[in-house]
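Right, I'll just put the structure down here and ask away after.
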């Protein structure tokens, strides 16, 4: 690299980590969010034109910003290894494509909406929060598999028996799965039940057993998360306490008692020797 | 200040902290609450007149009470530094304004209703409870911001796609936000979903992903509060235990073992010296 | 008391604490519960007569049983000091009154239903459970007062503004309280909201703030209970552990280290003296 | 047993615990689940025939698999002592019966659905999860009994008073129990309440007291589970920590201090003797 690029990169890196620059980016994201909201209201044509201009201004700003961030990165390869950088670049690139087609215009609008997610990529606390949320998911793997098996079996049984009663709710296994999710949220579940009870009077056993099983599995999932969080919190706290106060642990005390004993052994040997 | 004012102030201060006086204030607030309830029923004219008289009596009593509390305060400036005192004074002052206008009469009625909140300002336990509730809020800041971002993006997407299907539910971003809150409470959410599924058969992904995301963020918020409360409780308890029992900690024990060693060092020096 | 009564009392006391007798009582209560259930179905006249006879048989059995329990009590005054005994006696006495009047017949049926509650009075584990449930209530006193204040203020405001819109839901403060409870359970709350939003477009603030406040207070109440239960459990466990393992605590260790030092002080006095 | 059988058994045992074999079984179960789902959609006749053939293939595979597992078991009696083996065998045997009757055909379809449950029997983690779920149930025994007593009494009272108002909801004790469960899930409970309040204006006390009681008992049940899980987790963790770090406990330290003292006693006897 030429020395000029080096100087430029250092300057961009300083700019990138500047607090004021970060605040500017956050307020532009906020403005873009407000624009998205404003566009959902009927606006007079003049304001509409202003919105379009502002929208292009925001796109340009984001382009400049991401260029600065890319330039400021000393190791260019590492830049795209971060998922958030890839996401930011994609959002900006897709916003730049001029679209006329009404089908694609929709995608253009969606991309502008997803710009709000840049808030998460720019505020470190939100990024940490999201990561900790995602980190909790794999631990739930088997409970969620179990829950899916329960749902699947009930959906298959439901379709077998109730498809003829109400095709919209129990027509095939995917609508049955949706109906079961609805029952799990207690949303008008009795209407669904009374309808099938008219044909199969004992079908309440199907609904009640499903509610109990899914509620029980769901409860188990929540307790699993709570216990995990509490445990981690507990360990983190225990480590923090130990480090902060310089508090000795029982092993330290044991060590000191043993040293004391060794000292006694040396300075106060067995009696006969002393007498001698 | 003249000595007379000093004497008066001391007398007011004594009165203010009098238990009987406090009980009197609480029962007047209770009476004012009952009056508010009574006024919502159709009353015979005679009782209605009595209610109006009682109402003025309560206003006057509150005026006297707040004057006593103000007079009893030695540092007059500190009086208005407490939010509760400002609130109490405002309530009393606004109640005093005689209003004829029907628009303003409504405000007069509202102010009389908010008098019930004086219960919180007068009972210390409720004040503590409210403060502890409010103290828990800032810790939730980032989770709530994250939740708002989720809501905002879904509302924008919902308005983009569903505004033409049902203008009342998805017309602009603010009604979409309200609709999403409704979906989050599971209130007739399937009706909303079935309506859009008639046009976009895959729109169930929108609703299910929203329910999972918001439920997950909500769960995270609750767990955050529970962990915080348990942690504080744990620390408070640990401190209480340590103080109550005079229980020594590991550092104390380490200190004592070291003293023992120092003693041995002095009284039982290394062997050669002793032999010498 | 004559010796005969004493002998009788001892015999009754033995009978009362007999396991088989207890099992008999439990099965009679179960039978009485089944009878109550059976009576809700249309029965052929013959079975109906059998039910009436069985019902009188159960009443007589309960009369005999409570007499035995009363006779078996050495201190007759203490018998009625237990709330459960008073409850059992009342249930039996009221069942004995022959009633013809249709109004009173209803009370007779209710009393027969409440006999099922005798299950709680006879099974010690259920009694303990109920007591522990009741013991948790007073700790919630202030949170519940706070919640009632929130409900009362919102009900008063709701009646003031919405009484003209829907008299059935907001007519006076008591129906408003019921409507607010309904909103808190999320039962068709949007129907209530949309109705008032047609007149006051901003009234969603009323509903949302109420839902947030009540949910927050409710959450706080639950966390309060959980923390209390966990704390008690923790203390109970700590005591159990300490007793079971005979594990020494830090104070014990401190005592032993101090004894060691005192020993050293006596047997190994300061140097000069030894040399002397 | 002849040596040939022994050799065969050992070969089957190796096959049974083979990882690849397990993966094969899991994928066949998955395929059988997909088939069940596919059959709920209308299929062209050709695909339908393929599904029937695949179905028989799966049945045969399961028959071979269970035979291998049975052959691989050295102690044949122990094989049927495991509930999961009995379940697997039953599923396979019933699938083999060729059925023409439409009534029995339904059972045949159900049995094919329950094959999905074999997922739980084959994946050890799911089996462990299910066992831990079931192990939590008995601890809840008394709370559930208490809850049932509450439900039963309310159902009996509800039938007594409301049977004439709405026979579908309160006709006999079993439909009343179902209605109460519906009220507990807050599903359109106000509709039920408003209907009876038209006849008995005070009947809201019935509903509110029921909601409070059942919610309170339910809450208690959940807290019971949470406390149990946390406690077990805590004990498991404490044991793990103690074993992992080789951390000495307070008893160890006490022992070492006592040894030190004994040493001092021997090597540093009381003064007079030394002087002597």
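The first chain written gets the first letter, and so on, giving A, B, C and D; residue counts start at 1 in each chain.
Everything that follows uses one rule, which is that a contact is a pair of C-beta atoms (placed from the backbone, for glycine too) under 8 Å apart; a residue touches a chain by one contact, two chains touch by 3 or more.
Small disclaimer: the values here were computed from a predicted structure and weren't measured.
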Chain labels contacting chain B and also chain C
none
Over half of interface residue numbers shared between chain C and chain D means same, under half means different, so which is it?
different
From the mean C-alpha coordinate of chain C to that of chain D, what's the distance rounded to whole Å?
29
Chain B and chain D have mean C-alpha positions lying a whole-number Å distance apart equal to 41
Would you please write down the residue numbers of chain C that are in contact with two or more other chains?
186-188, 226, 230, 249-250, 253, 257, 260, 264, 268-269
All chain pairs that touch each other
A-B, A-D, B-C, C-D
Contacts from chain B onto chain C in the complex sit at residues 33, 36-37, 40-41, 106, 109-110, 113-114, 116-117, 119-120, 125-126, 129-130, 133, 178, 181-182, 185-188, 222, 225-226, 229-230, 233, 237, 245, 247-250, 252-253, 256-257, 259-260, 263-264, 266-269
Contact residues on chain B for chain A in the complex?
142-143, 145-146, 149, 152-153, 156-157, 159-160, 163, 171-173, 176, 186, 188-190, 204, 208, 211, 216-217, 219-220, 223, 226-227, 230-231, 249-251, 253-254, 257-258, 260-261, 264-265, 268-271
